[in-house]
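Before any comments, here is the structure.
For reference, chains read A, B, C, D and E in written order, and residue numbers begin at 1 within each chain.
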Amino acid sequence: MRSIISILLLAFIAWGIVTVIGEIPFGTEKSRVGGHYVDQGREETGASNIVTSVVLNYRGFDTLGEVTVLFVAAIGLGAALATRRKKEKREIEPASLVLYTGCRFLFPLILLFGGYIFIHGHLTPGGGFQGGAIVASAFILVYLGCRGRRISETVSKTIESLGGLVFVVVGLVGLAVGGHYFLLNFLPKGELNTLFSAGIIPILYIAIGFKVGSELAGVIDHLMEESE
Amino acid sequence: MVFSQVIHFLQNHIYYIGAFGLIFIGLLIILVKHNLIKVIIGLSILETGVNLFLIAVGYISNGTAPIFSNPSVETQRMVDPVPQALVLTAIVIGVAVLALALSLAIRLYQHYGILDLRQIREQKW
Amino acid sequence: MQMIEMILSPLLALIIGIFFLGLSRKIMARIQWRYGPPITQPVIDVIRLFSQKSVSHGKLFNLGIIFSLAGSLVLVLFLPLAQICPLSGSGGMLVILYMMLLAPLGIALSGGESANPNTSIGISRKFILALGYEVPLLLILLALMTHYKTISIVHIVSIQQNTGWAFVSLPLLLSGIAYVLILPAILGIRPFEVVQASQEISSGPMAEYGGPFLALATIQHALSLFIGIALFVNLFLGGAGNLLIFFLKMLVVFVLVLFVNAALPRLRIEQAVKYLWRWPTLLAFIGMIIVLIVRR
Amino acid sequence: MDDAGLFSGGPNPILLVVVPLGFAFALPLIGFVSKKILKYIPVGVFMFNLVVALRLLPLVLKQPILVEIGGFSPPFCINLVAGPVGILFSALIALAGLLVAVYTLVYIKEGPEEKYHILYLLLLTAATGVVLTGDIFNLFVFFEILCISSYTLVAYVGNRAGIESSVKYLIQGAVGSSLLLIGIGLLYGLFGTLNMADLARQIVSVGSSSAFIPMAFMITGLGIEAAIFPLNSWLPDAHSSAPSSVSAILSGIAIEVGLYAVVRILFTLFGLSSFFLFFVFLGVLTLLIGEMCAFSQNNIKRMLAYSSIGQIGLILFAFAIATAYAVTGGLFQMISHTLGKGLLFLAAGYMIVRSGSMEISSLKGMGKRMPLTALAFTIGAFSLVGLPPFIGFPSKFLIIRSALAEEALIFNILIGLILLGTVIEGAYFFRVVQVIYFQKENEHQKRHEAPVAALIPMFLFMIAIVAIGIYPKLVTGILDSAASELLDRVDYIRSVIQ
Amino acid sequence: MSLELLLIIAFGGAIVTYLLGKISCRIREGFAVLISLSLVVMIACLYGENGTESIYFHFLGLPLIMRTNMLSWFFAMAVSALGALSVIFSLNYMKNRERTDFYYLMLLMVNASMLGIIFSGDLISFFIFWEMMSWSTFLLISYNRGPAVAAGLKYIIMSIIGSMAMLVGVLSLYATYETLNMATLAELIGSASSGYLLFLLIIFSIAFAIKNALMPLHTWLPAAYAEAPTPFNGVLSGMLTRMGMYGFLLIMYVIVGATRALNLGSGLFKFHYILAWLGAITIVIPTFIAILQDDAKKLLAWSAVGQGGYMIVGIAVGTNLGLSGGIFHTLNHAIYIVLLFMCVGAIQYRTGGERDLNSLGGFIKKMPFTFIGTLLGISGLVGIPLTNGFVSKWLIYKTLILEGYPFLAFAALIGTWGCILYCYKFIHHIFLGQLPGKYQNVQKAPFSMLLPMIILSFAILFFGILPGIPLKIIDTIGTSFGFKSMNVTIWGIASETGTLNTINIFAAVLIVSIIAWLMLKIGPKAVSVAQEDTYAAGAAIPKDKYHYTVDFYNPLYRMITPYLKDFIDAFYMKFAHWIQSLCNGTRRVYTGYVGNYVMYIVLFLALLIFIRLKWSL
């Protein structure tokens, strides 16, 4: 009964969407704003990856919020799970040597790959979030493979804080340097398609990369700790 | 005639249909399932559908990524970068909510020993 | 002139009232095939009582009876006796209505100071009975006042002198009949003798009185007899041009009422009130509506 | 951040968002230095915000300040619109934040305090962001911060009730944010822009009919946070099981910000004036449901939570009338609700601490045990019912006045229902006041007042309630221009897109 | 003397009194008396200042205006004087009770807000002060705890209903005329349609009828009166309840204007005629209910409801006599009901709060002054000639009879007869009859209680014998409403259709009483005997076990009780219960199952879309 009602309601909503979706042009042309970014993005931001220029420059404020969301989630998760933190350490069955060594071998490589992704965020597909996720995956590998290893909470907290602060401070510096514009791209834009280009974008992406990496790792840390 | 129109519509809007299909599946799960984990899965599917929908909005037929990896790329064929940026944000938010939801589910389970939302009804009226 | 009237009017009232008191005993005796006391017996009683000893329960006991007698006496001043009406211009019917409260209230206050159960019962009955007959009485009086468009009793009388008795004028006929029906209750005689009810509660409110107190109470009783009948004569029988006619009218009414008194047994208080609230009230109510229709 | 250049020509409104955000990020670092000063940081931050907002207030009354982030011009960048509405709300948020932060100094003693303060800062920052932003996706992002920090703060105590409420809140909130995002996606697909002014301009030129479905999604999504009737099921649970300081903020700020978003979307973005009547009904329905549910509550915090629903209904009703008077009244009611409900939750918070129970009947004798707190509760209750000389009176007065100015018969009936709601509201609030003061108390209870740090904010709330109640001119000037900003779409578009 | 200063003193005084109470009780009490007396003096000085208006504040862009005229002076004088007497009475009564600071604060606050109401020159300040009065009264009614809590709640709920109705009226006036200044409104309203005026009068009448406890909106009053602190009862019954009267005067005669107000509706269904009928019902039924009461304060409370009916009838008839009668009765009623409540208060004070009539008795010897006060009080209440109540009732009766409303007059008069029954019951049960053994050592009331009682007793006689003094002022009020002036003499009213001359009655009563007294003196002096030493026709009466007061009017009770249940109150209570169960049902919407909640969300979305598709907005 319940599912029938649900299906009927959803079908009705779907019908409502159908009436409007026909008006959305599909696969034809870009929106005015999108067109503008594609056309002017290189000159205005110096990043060859237009998505990156949108994420960090045109819509950098969103990204600040996004970082904050993640931060809130990490903190909130900590708050939710930390209230009855079990202190005692349980005996964990150690992993096999092959697994252990393999993980330790792969760990720096993955980290390096992650770092590459977020440092080259303004040039190639990828960026701080993607890189951060890869970095976090390295930690998962370690957690799974070399059980018992833990990321230091202090370190992760520091990185989280610093990452966020860098974002805010860079933005405020822009505000201070260029008059009224928060997150102004005040650094020289450099030459397109080179590593040292696009002004503040790489800086922000690196900060984000670190921050996301440590936050996701922290989240996983918390969840794993709880599940053990 | 009608059939061909439907086919045409489906061809033109296949991505939308897929995206909204996921959205409605997600909603339906939330509506009819009462296991918290399943509901969270439903939420996740819902998010995915929304993200797909956003991406579909910015799609251009036979488009390329909006990256000027070499100077010869035509700007005309580049897809709209804005939805991609939005989706990036939305994904992160989705992850955040998901993580939080799972952690709360863990705590809820510690308190109640069950995950059936029909029975977790101390807060009502 | 007014001063003379002011003395004359209560005196006359007193004389007539005492005479009626005596007359009633005589007539009642005759109806019951007895010889009966002389007509002057109440006068003798009052004089004798003034010389007798009495007991008092306190200051209010004394004050109450004074209060009561004063109320009755003042009331007399407001009633036109033929042409004599010393306080005609001081408030009219409304004051009369209110002054009618004073006598029972005074007795009640006085009686209340003693702890005599008979007194209490009597007072309670008095008030309930009063409430009973006030309902039709007020309707009747209001019908009169509405009909004649005045609240002055002197005006009412003088209009009747010109246009004929209210009792026989059509709009007020029902009201008049209703008044006749409640007249025994106003006078406190059978079948409405629940207040005094000598055989049952030893004269009720008066049970504690003796000597001068009883004398004053008797005088007050006589006055209230007079007032009840005089009011009826004034209001419905057109008053009178001179005292003799006025007295005769009163006499006729009183004797008629006495027959009722002699013929009927005493009702219980609830029966009395139920009766009063039923037929007289209904008649008075219809009378009032008729008056209103005529007035429009 | 001590750069004097930032303040040329008044402080930049972006600071209202960025500075608390920065401090929230920095809080863990500060925690390494000293755990003790952590709790003073929100106090300082909101004091800063309050000062900035108050300094901006006279400026924005003359001319809204447009903040273009990143140095691009709208619609190509995210922009903040610091109009009278935005700054008014910022000031209100900063004020409530400051006072509740002071209260928190002594109220929050257990659990991961550092995280509490971070979440608290972020919650209010997000609220400020929502009211200032001029970009619809940015609004979504801030909304998410607001929601997620609310979820966690509700679960902060970590007891059964808190977690359960939080989970339910989260599920509904997540569904809501997905719906909101669908709406945004549809809008972007239709009009190719995310800037609110730009969108509004295009909707004006196209006509609002095709934008209806996106609007429906967005309203539903935002309505969940705004606690409009069928969407508000999370509210009583969440508000009653959160710590009282959080309840004060959730009731006083969060739902009002949600409602602000709804109103902004309705007024500025879509301007669907033919549809407002629906919201008039919805407002009255919300009001009645809220008051009726509150009427039969035995749990004091749950009662207050339902009362919030009622108040939101009243505010929605006022906004949906959409005349200058009515919107002024709605904004005024928002202020009055923030102050009144904030005060009530703070007072109830310590009464609950002292009595150890949330049952209304357990509050008896509080008038003797904690006279000042009881007085605060009483004043808050009287204000919410709308008795003069408290702030609830002028706001209710304005709303009813504007509703009466509508000639239609239906409005007269609705006013009757609203007044009925007020009577019910009076009934349950007065009942609690009686329990506090006039029920026979236990003999052995001694006077045990709330600590000073908790009394100070209550006292300030009381002063604000009485002062504005007696002298509403303090705010009406600002409210008038705020109302005209909300109502005047064309002006808004012009001020953003030159 | 500016009115602003007056109000500042009134409100400020209340707060200062509260603060002083934290220092010392003595200082506080002295200050409270000082404040209330100085208010009396200040208002007395305002006599004759007519029509001065001053804007003292702006509220939401509306000017708040204070003004004085004869009407407001009259009411203000009564309020301040009775307030002062109540404060004096409280000094002893409230001693050694808890939270006296709060009590004095609220008492003075109520007085101050009543002054605010009276001096308001515009409807918005009228409303503000009205509300302040309502809630401070609520706090005072609930003061005694126990059953007082329920009474307070009932009061405030009905009061809110009333003020909400008033708010609608005020705002609709504002929406129509863009001003709330009473004087301006009175001019502008001439152009209004009859329908609108009728709406206005009805909506305001709800508010004022609730405050004035007009049937069928009276139900808050008996409980509230019975449970409020007794000194406050004076203020509550004397003036606060009569603010409804003031409101009626204001809306009917000041704002709408006599000519319009008296011609609204048609035939028998004229507004003022219906109002008068409600007043008449209010006279009769509560009077009979009062007879049944065994609780002294409840008895007085029901009596107050009934007396309120006289005032309403008086002003609703719409003649100069009726109006004067109504206003004068307000004053008179205030005087004697305050006096009676004070007597009850004194008894309560000495007996430890006893107010059950059946447990009292025989206090005449113990508390003679209180007895005299009560006697005069009930005389006024009944309206015995030469007391103040008589004059005002006389005016009302007369106009009712002469204007052709005999049924209304009948209601009013029968009310008076019922009144005698409960009045006698009241005085008899408390002061006459047997003294219960446990009260053998009861002492006289203290002086601070006696003083206001003596003043009020004097006032009853003074206004009863010299009614011309207040009637002249009232006549000015009447003429300012556009009525013909009455021919007021110092002794009463002269007119062709029946005059009133109190001096004649006074002289006659005096002389006749002396005669009667002399007659009593003729005989031998009576022997004083003990109360129990009675003639009982030989039956032995057990001492102190036999109290004749229980079921005093038993035959009557048996007859009327079935018809006199408070059906209206029962109906309201039933309605309230119904509302409560409705509320209880409503909250089941929040089932606690989150799936349902999401369902609501989806439903809402579907509803929006449905609306869109159905009407294509």
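Definition applied: a contact is a pair of C-beta atoms (placed from the backbone, for glycine too) under 8 Å apart; a residue touches a chain by one contact, two chains touch by 3 or more.
Since we're looking at a predicted model, the values are computed, not measured.
S.K.: What does the chain connectivity look like after leaving out chain C?
M.R.: one piece
S.K.: Keeping to the contact definition above, tell me which chains border both chain B and chain D.
M.R.: The common neighbours are A, E.
S.K.: Using the touch definition from the top, list the chains contacting both chain B and chain C.
M.R.: Touching chain B as well as chain C, we find E.
S.K.: I want to compare two interfaces, A-E and D-E. Which one has more contacting C-beta pairs?
M.R.: Spelling it out, more C-beta pairs touch across D-E than across the other pair.
S.K.: Name the chain whose C-alpha centroid is most distant from the C-alpha centroid of chain E.
M.R.: So the farthest one, by centre of C-alpha atoms, is A.
S.K.: Give the label of the chain whose average Cα location is farthest from that of chain C.
M.R.: A
S.K.: Nearest whole angstrom, what separates the Cα centre of chain C from the Cα centre of chain E?
M.R.: 36
S.K.: Indicate the whole-number Å distance between the mean C-alpha point of chain C and the mean C-alpha point of chain D.
M.R.: From the centre of chain C to the centre of chain D is 78 Å.
S.K.: Suppose each chain is reduced to the average of its Cα coordinates; what separation in Å results between chain A and chain D?
M.R.: Taking the average C-alpha coordinate of chain A and of chain D, the gap between them is 30 Å.
S.K.: Take the average of all CA coordinates in chain A, do the same for chain B, and state the distance between these two points in whole angstrom.
M.R.: Inter-chain centre distance comes to 18 Å.
S.K.: At least two partner chains per residue is the criterion; list those residues in chain E.
M.R.: 587, 590, 594-595, 598-599, 602-603, 605, 609, 612
S.K.: Listing for chain C: what residues touch at least two other chains?
M.R.: Residues: none.
S.K.: For chain A, jot down the residues that touch at least 2 other chains.
M.R.: 2, 6, 10, 13, 16-17, 19, 21, 24, 30-31, 33-34, 37, 58-59, 62, 65-66, 69, 72-73, 76-77, 80, 84
S.K.: Which chains are in touch, pair by pair?
M.R.: By the stated definition, chains touch in these pairs: A-B, A-D, A-E, B-D, B-E, C-E, D-E.
S.K.: Could you list, by residue number, the parts of chain B that touch chain D in their complex?
M.R.: Residues of chain B touching chain D: 23, 26-27, 30, 36, 39, 43, 46-47, 50, 53-54, 57, 82-83, 86, 89-90, 93, 96-97, 100-101, 104-105, 107-108, 111-112, 120, 122-125.
S.K.: In the complex of these two chains, what residues of chain A are touching chain E?
M.R.: Touch list, chain A to chain E: 2, 5-6, 9-10, 12-13, 15-16, 19.
S.K.: Using the touch definition up top, name the residues of chain E that touch chain D in the complex.
M.R.: These residues of chain E touch chain D: 58-61, 127-128, 131-132, 134-135, 138-139, 142-143, 145-146, 148-149, 152-153, 156-157, 160-161, 164-165, 167-168, 171-172, 174-175, 579-580, 582-584, 586-587, 589-590, 594, 596-598, 600-601, 603-605, 608-609, 611-612, 616-617.
S.K.: What part of chain A is in contact with chain D in the complex they form?
M.R.: So the residues of chain A touching chain D come out as 16-17, 19-21, 23-25, 30-34, 36-37, 44, 57-62, 64-66, 68-69, 71-73, 75-80, 82-84, 154, 157-158, 160-165, 167-169, 171-172, 174-176, 178, 180-185.
S.K.: With touch defined as at the start, can you tell me which chain E residues reach chain C in the complex?
M.R.: 364-365, 375, 382-385, 390, 394, 397-398, 401-402, 404, 406-407, 409-410, 413-414, 416-418, 420-421, 424, 427-428, 432-434, 492, 497-502, 504-505, 508-509, 512-513, 515-517, 519-520, 522-524, 526-529, 531-537, 541, 546, 548-549, 552-556, 558-559
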